[in-house]
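Input: a single structure, listed below in structure tokens.
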Amino acid sequence: MHQQHQELLAALNACVAACEHCASACLQEEHVQMMARCISLDRDCSDVCALTARLVARGSEHAAHLLRECAEICQACADECGQHQHEHCQQCAEACRRCAEACRQGLAA
Amino acid sequence: MHQQHQELLAALNACVAACEHCASACLQEEHVQMMARCISLDRDCSDVCALTARLVARGSEHAAHLLRECAEICQACADECGQHQHEHCQQCAEACRRCAEACRQGLAA
Amino acid sequence: MHQQHQELLAALNACVAACEHCASACLQEEHVQMMARCISLDRDCSDVCALTARLVARGSEHAAHLLRECAEICQACADECGQHQHEHCQQCAEACRRCAEACRQGLAA
Amino acid sequence: MHQQHQELLAALNACVAACEHCASACLQEEHVQMMARCISLDRDCSDVCALTARLVARGSEHAAHLLRECAEICQACADECGQHQHEHCQQCAEACRRCAEACRQGLAA
């Protein structure tokens, strides 16, 4: 696989893992109610990133469409997670930002 | 869940099952080579429909974006499957057409 | 596809939808903290049921292994959801129970 | 996340990408018919690894069950892919072997 694909896949997989971990950790926080939107976006973001990774890896002609949607949802998740001070939220926000950027670069390529 | 969601979910799930079955059956056909594009589209279509069904079921704010992409890939898969005379291809084409239509109705709602 | 597969797929897909809906609805409840384990099991149960449905639909030789695991996680999710009085939890518990039973019947077949 | 989880996730994600790529490349080979079982196992293996990665990342209590099944299907896919001389098959076999080993280590931990 091309080097560029490898970096995109790494960003997508890192985002899946960060979102899954963040959602689980949010559910253990004292004020879960405040984390409801964060958990919801984590779920969507993880699902869309995981699918996008597979379409990219298989060289699907539909990968580009998913990359566009993926960049958007990663940005939304980054914006929400970035507002919370929990370490898992901050790490998730960073993974989402990197993934959104990697998706945009993948689209431009 | 609303009646409309139920019908959309039924169309999406029927499409997933038809695509999975069609891909497996295509791999058992005598002239697999002719079925390569059909199998590829079946994989993509099943993956995108399965994700869309989950976003719809959870009431995600991102469901609409996926519905648009889903309608497109279902149409592409219907067009390809519809060209083959195998019963599994014809059934898959029909499931894809119904799902594309259900996605477009879901978007219009 | 065989009639028995159709019923199994229907039970699996109904369980996916119920779990996704229940997780989202739990996140909107006043006492989210009490629903944390319910949400966690909903996520796992939905994921495992969705995968199992696809392996069953494609006639995978590994479907049986997943059916066993799926029956177990559906039972765990049914037990947890059944303890909460929210309508979405009660509906989810019922969908999980039916799915666990369908998986066990699928294994016995 | 723990270092051990990171290595397990890396092995699982590498296996997903290798299987997706191998299935697509097999479909482009001259003798697709000979690759039918390889493609089938690639599909199952990718699906099971992708789900396992997510359960591991979220710290699911059900991750161990999936790891056991995942090790088994990775081994089956490695055995099949290892019989074909295509570079994508050999690379996939290697990724599957490493993933099977990582899953067994994850279970032992």
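Just so it is clear, A, B, C and D label the chains in written order, and each chain counts residues from 1 on its own.
Following the convention adopted for this analysis, a residue touches a chain if its C-beta (ideal position, glycine included) is under 8 Å from a C-beta of that chain, and two chains touch if they have at least 3 such contacts.
Predicted model, so just to flag it, every value in this text is computed and none were measured.
**Student:** Once the contact rule is applied, which chains count as partners of both chain B and chain C?
**Tutor:** A, D
**Student:** I need the common contact partners of chain A and chain B, sorted by label.
**Tutor:** C, D
**Student:** More C-beta contacts across A-C or across A-D?
**Tutor:** Pair with the higher count of C-beta contacts: A-D.
**Student:** Using mean CA coordinates as chain centres, what's the chain A-chain C distance in Å?
**Tutor:** 25
**Student:** How many angstrom lie between the centres of chain A and chain D, each centre taken as the mean Cα position?
**Tutor:** So the centroids are 22 Å from each other.
**Student:** Please set out, as single numbers or ranges, the residues of chain D touching at least two other chains.
**Tutor:** 23-24, 40, 43, 54, 58
**Student:** Which residues of chain C touch chain D in the complex?
**Tutor:** Those in contact with chain D are residues 40, 43-44, 47-48, 51, 54-55, 58, 60-62, 65-66, 69, 72-73, 76.
**Student:** Can you name the residues of chain B that touch chain C in the complex?
**Tutor:** Against chain C, chain B makes touches at 1, 9, 13, 16-17, 20-21, 23-24, 46, 50, 53-54, 57-60.
**Student:** Quick check on the complex: what are the chain C residues that touch chain A?
**Tutor:** Residues of chain C touching chain A: 23-24, 27-28, 30, 32-33, 36, 39-40, 43.
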